[in-house]
Amino acid sequence: MSDIIADTADEIRTMRIRGAGRLARAGVNALVCYTQRYTGGTLKSFKEDISRAADIILASRPTAVSLWNGIHETLEEKDLWETLEEALSSVEDRGRTFCSMSEKAASIIAEEGAKMIVDGDVLLTHCNSSAALGIMKEAKRQGKDFKVYATESRPWRQGLITVTELAEADIDVTMIVDSAVRTVMSRINRVFVGADTVTSAGMLINKIGTSQVASAAFEYGVQFDVCTETFKFSPKTLVGETVTIEERGADEVVTGGKVPAKVKVFNPVFDITPSKYINAYVTELGVMSPGSVYGVLASRHENNILRTR
Amino acid sequence: MSDIIADTADEIRTMRIRGAGRLARAGVNALVCYTQRYTGGTLKSFKEDISRAADIILASRPTAVSLWNGIHETLEEKDLWETLEEALSSVEDRGRTFCSMSEKAASIIAEEGAKMIVDGDVLLTHCNSSAALGIMKEAKRQGKDFKVYATESRPWRQGLITVTELAEADIDVTMIVDSAVRTVMSRINRVFVGADTVTSAGMLINKIGTSQVASAAFEYGVQFDVCTETFKFSPKTLVGETVTIEERGADEVVTGGKVPAKVKVFNPVFDITPSKYINAYVTELGVMSPGSVYGVLASRHENNILRTR
Amino acid sequence: MSDIIADTADEIRTMRIRGAGRLARAGVNALVCYTQRYTGGTLKSFKEDISRAADIILASRPTAVSLWNGIHETLEEKDLWETLEEALSSVEDRGRTFCSMSEKAASIIAEEGAKMIVDGDVLLTHCNSSAALGIMKEAKRQGKDFKVYATESRPWRQGLITVTELAEADIDVTMIVDSAVRTVMSRINRVFVGADTVTSAGMLINKIGTSQVASAAFEYGVQFDVCTETFKFSPKTLVGETVTIEERGADEVVTGGKVPAKVKVFNPVFDITPSKYINAYVTELGVMSPGSVYGVLASRHENNILRTR
Amino acid sequence: MSDIIADTADEIRTMRIRGAGRLARAGVNALVCYTQRYTGGTLKSFKEDISRAADIILASRPTAVSLWNGIHETLEEKDLWETLEEALSSVEDRGRTFCSMSEKAASIIAEEGAKMIVDGDVLLTHCNSSAALGIMKEAKRQGKDFKVYATESRPWRQGLITVTELAEADIDVTMIVDSAVRTVMSRINRVFVGADTVTSAGMLINKIGTSQVASAAFEYGVQFDVCTETFKFSPKTLVGETVTIEERGADEVVTGGKVPAKVKVFNPVFDITPSKYINAYVTELGVMSPGSVYGVLASRHENNILRTR
Amino acid sequence: MSDIIADTADEIRTMRIRGAGRLARAGVNALVCYTQRYTGGTLKSFKEDISRAADIILASRPTAVSLWNGIHETLEEKDLWETLEEALSSVEDRGRTFCSMSEKAASIIAEEGAKMIVDGDVLLTHCNSSAALGIMKEAKRQGKDFKVYATESRPWRQGLITVTELAEADIDVTMIVDSAVRTVMSRINRVFVGADTVTSAGMLINKIGTSQVASAAFEYGVQFDVCTETFKFSPKTLVGETVTIEERGADEVVTGGKVPAKVKVFNPVFDITPSKYINAYVTELGVMSPGSVYGVLASRHENNILRTR
Amino acid sequence: MSDIIADTADEIRTMRIRGAGRLARAGVNALVCYTQRYTGGTLKSFKEDISRAADIILASRPTAVSLWNGIHETLEEKDLWETLEEALSSVEDRGRTFCSMSEKAASIIAEEGAKMIVDGDVLLTHCNSSAALGIMKEAKRQGKDFKVYATESRPWRQGLITVTELAEADIDVTMIVDSAVRTVMSRINRVFVGADTVTSAGMLINKIGTSQVASAAFEYGVQFDVCTETFKFSPKTLVGETVTIEERGADEVVTGGKVPAKVKVFNPVFDITPSKYINAYVTELGVMSPGSVYGVLASRHENNILRTR
């Protein structure tokens, strides 16, 4: 296969390229470059080649929803191509549109979410979501006066990164252990978290502990909003696939402690927040309720994943 | 003051004597020894002396409910004393009864709670409660077959002690981070936690995170039981005092992380679990609902704290 | 052993004597008769003989809370007996008091509950509780105008008995299948059910389906009241014993249907209603919340079951 | 009948004597005066005379729980009287004790509740409860810094009295319409309301709208506490009586508006708050959960209302 | 009218054709056949004839949502027809598409739902839904290891058919009475039920007892999924029509029991499950939340039912 | 600017034109008239002139969602105009369509909602919604037999208007104070209220007290439906804007009462009802769940508000 495809797949596989958005754009860009350099083939050969290229890219991180979305949006009109020229320009156009929309999405979300923050607000966030932090930084940039509580987020303690980022943006931030979420909830106005994956029925898969934050927010009548680009919406869940929750090693949890060998550790990376606890998804396509996720996915995929069955 | 009083107060103050039960028994024993050695006084002088001794003991750990309870039970009949002899024997008798009941309480609770465990159960516990662990060990001793999930319990990570204790008792134990409580709750049959303090209206004050465990148990229809000696029932809450939640330093939370100086940390040691989340208190006076705590406290204190107003 | 003891135990064992109240009174009466005829012994021999007699009676239906309660109340002062005469008269007096209180209890409950019914009420009941039906009949006797919905109560269909009893008392009664409870709940004012056993923490053990009725009542803001003599309050639960839920044979469920041999059937007789769904216990000692059950049990048993540990 | 009895009954009937506490003390005082002046009778005649006097007093305001409680506590030992002297001194002693306890109760409750208020608290109250306001004034007197939201309390608008009283005590007070309770609830820490009547199962009967305040507090995780002397605990509910909710005229609601004659008005004075919404009763006998009300009532009335059936 | 129309209507009316899917396809096929044989008319006459034919078919089972949907989808472009040829081919094409989609829908749903089942799952189902059972059989065919609890489903006891079907597919199945649903819910991972009708606001109308199952699942945090072809989505509810709940005779409930003539029986066939209890609809158009039903219906009917007002 | 624009803006500003629907139609009509009279310009000049006209109209009532919607729908194709003729006819056509749809919407909603009412229903409404009352009047016109409870709706007491309107339509209506909502809820079948604004995530902004009504309906399992034209759906909330809740003066609340100057008054006009409490929105585009609002807004605004970022 061409260098650009193989190299990009390699960089993704080895984690040199990370982050849902960057990952998707890198994969799509590889297809665009490959297409631009494509010479001497026929429509038939291009269809085969670009499909193989797409498979290689997808195999480099099979669980990344954003990558799957980028590649499929780029090749969405494949069945409609009638000439090679049409095919080449379709891939280039759709690929560039995806990348530019993806780049714009983060700033659109930041602007939307910032409008929701008013002076005197006390926010809470969990783990380290660039979309959620983007909102807070934009609100601060606009001069809004608010405070943030941030959780430690064991076992990786991404909360340390979060509080550092927020403090550097001059935002008044207070760190708590994950167990203190319910205790501080009566002081909180609004919760902003990010998303790893969103299912077609509106459920959220995100960093372990997110569902506990959502449950506490619900108990205290506090709005719980999820900040996410819609490329985190999972098309596969449309057709019934469930999201596998990754489990990681015991050493992340027991680090520094001496425990008997026979102690087991259960270390799931994500948890599932039911839609009943979610007030809104704040996306680059607007603010929507969990009940609206299906509509976005279905209109986007009615010509591929839903039709090809 | 006498050596025994001063020395005991000192050992309590410097944390050489720890644990709610041991603390209370040490304080009461000091009064009993002091009484046994009391010579040459009158009823009037003894009343004054023993009151002063009690005050010194109480001042050594003013927030310990168990100590307050022990001292007050020992001196409860003070207003009824008519002769010095009566006074001396009253203190001795009541003091010894308190100590022996307190010593028996833990094993009574272990036996009661063990009856609640059946083969195949999956339990969850939070932090490191000797009453809760006593129940599990007793059930294991009786040959029952069950599993336990135990939380890490940040920031002090007493969960490491808990899993070690349980593993040493050959109990099948799995450790999780505090954020994973809700995720495992659908596998759990019953939660056992301990108590720091119980209010007259049946609320529980216990290690930070307890109320979050209780809320998740409630959400999943899982019984949440609190294992505690009744000397954790707080008489002062009878007359309206609220329990102050201790806050500790930032270093316990940010240890090992480098965060900007302006990051604040909120580190409360305890939280409050409302009675609606508590199925039962398992005590040495039997298994009771939160609505029954007042009755126990009121009958015990109708001659002192409730009367003296 | 004496005839009266053996015969009574036999009648209980073979189900010739049934019903929580009749059972308990029969057992206690046997002890009273035995005592009245007791001749030629010493205090010591009587203590041994009456204990043996009690054990025989109790063994005839070991799971009946009311029988246990009757026997133990009758012999409660055993440790205080100082002469044979005192012993004999204690058993006679306490036994008769228990029987007469037990007989009066049903009519007291009927009167209490009837006061709660007002013209226009629509009630619901489940299974066939003599205490609940007694209330309805008393209210009808007083000329009150109300309707009752009664469930079929599969698998035994005791609802057929219930609707017959109510119709014979000229009460307007409508029968529904158990699955229709939630559907009719929006028409209901108040639910009255009976009890098999009540735990010291205020939970109700009653005919399968009761907890589902309670949950539906809770969802619709309808008062759910339990009508029961306090001899259904279980002293053993005070000290941690859990109530074993009897499971019965498959034939009760699949009767009349032809299903493959490999189909399993789970046929529990009772279920557990958590105290959060119970508004009040209507008893011969008055109307109380679940949080008050412990107080009744503890004051009754502080000299035996709670002390003898 | 004697002048003191007739006059007092008259003053109560014509509303010259008002307020649950003052009412009860007036009635009891009348019995005490009558007893002090009692001459020339026998034990038998006194029993008859004092019973008739009690009936006259009770008939002057048959729905007042406090009056019923005062009279019955005063005459509670009637069946034990063996001589006229004993009878006279029993009535005098018990009557005086009731009056003095009743007078002390309000200040005890004020002190208890004031302990629950901490600097920075934001409270909410409904209608005009002297017990709830007493707590706030005591807390202010102690120098505590807090705010209060008070409802208008249509149709009588007692909220106007409440805000005036609080403002005169220099307390920071904000008035809202009854419909705004849920909107402000996210700013509130704790709700204090009074009681008209408390049932033996722990339910609260109080000014219309109270249950809506309680429901909103529950939804937002805010503590809802009821401040009341225990003479509001209704002994009749022990034996099944329900509390009749008074309905008043349409003119209180439509005042000032012109509506067609055929518009109906439903104007209930009180509503019922279920115990699940109540955190605690703050009483002169201490702070208790709704599950503890039965215990207080039962121990007080085990010799009369519960026995005489 | 033509034979094919009359005969089909007759077969539907007399229940020789049953089942939501088969019914709809039979009706649509009749229109297609009628169209294929249509000769010698004009566009105008065809419009009138086909409308009359459609009315006859619809009148044969006026409450069947699937039939209504099939007929209306087949004739949806009626107002756009410009020539007779266009009209004939439109009916044929649309009719065939509907039938083939309807036939495919069941297998698509089975595949989708089967993906949701993982080894070790314990499922519950109510009544006898071919869509729900199709999912379980497909999962079994794929070698998945799971158990199923199935309710009896009084009064018709369709549970007997369900357990037989599942056992014949070698699935581990346990039958329970309807009253035992809440008791087993703590062992259940996921509930799959079918649908009779789905409203535009996402509510489910299904066999009596379904809402009780949903409520218990909600109480225990168990996912409740509805398996249904979208031709059960009711277009008439879009414009406000409510679904009439059929009531059937008393004999279905009291069979085998002798009850007095004056006992009434309420025997509703269906109940309504509110959308708050439904996790997802599993349909041939993908997995969606209740909030997405309107979108599917509105886009399908924006040219007829919504426009023609 | 032209007279028609200036005059209309003036009439709106001075409240001579009121009501969400009339307001929007007046603004749109002004643009249509202005367009019809437009002479002598170019496409470029018309674009500038019509934009300025739109801005003047919008500025006359900046918070009215319906006005914003009308103006934007009228000018929606502005970027597609290629000739002046096309521009003029686009404005005329779209403007007239909006006005006629808006006029039809109210009667469509009345018909839809009337279908939901059945004989014997007891409804409740809050404040004075023309859409909700339109439904009730239409149902009455159809001869349906039902009752209505209507709240007073302090502080403006629009309930007086509501009960008058309903009584004049011969509907059986009962007025209650706002505090009595929860008390009557057990008698209610269905709640119909109107809307001021609906957010893209499905939340309702409506007259103060609405959320309290919704919460009580939820507690009692009563359907809560919102009757509204979709021009109350707020496009700005799509992109994150929050709805500002107007606060009005103290005099509206304290009228007629004498309170100290230092008493503050908080008088918000609207409150926010979360989507979890809303069963359905009854609109001229059909009956939908809160989760469907986004879809309606997004499809309507994908070419302007969502694209122009």
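Note that the chains take the letters A, B, C, D, E and F in the order they are written out, and that residue 1 is the start of every chain.
Rule of thumb we're sticking to: contacts are C-beta pairs under 8 Å (C-beta built on N, C-alpha and C of every residue); 3 or more make two chains touch, one makes a residue touch a chain.
Source: prediction; values computed, not measured.
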Classification of the chain A:chain E interface as same or different, half of numbers criterion: different
Listed pair (A-E, B-D or D-F) duplicating the C-E contact set, over half by residue number: D-F
Rounded Å distance between chain A and chain C, as computed from the means of their C-alpha atoms: 57
Where chain C and chain D are represented by their mean Cα positions, the distance between them in whole Å: 36
For chain A, residues contacting two or more additional chains: 202, 219, 276, 289-292, 295
Chain pairs that touch, as defined at the top of this document: A-B, A-D, A-E, A-F, B-C, B-D, B-E, C-D, C-E, C-F, D-F, E-F
Contacting residues of chain D [partner chain C, same complex]: 199-203, 237-242, 274-276, 289-295, 297-298, 306, 309
Partner chain F, residues of chain D touching it in the complex: 149, 151-155, 157, 160, 163-164, 167-168, 172-184, 208-209, 211-212, 215-216, 219, 250, 253-254, 257-260, 262-268, 271-272
Interfacial residue positions of chain B with respect to chain C in the complex: 104, 108, 111-116, 118, 202, 276, 279-280, 282, 285-292, 295
Chain E residues within the chain B interface of the complex: 185-186, 189, 219-222
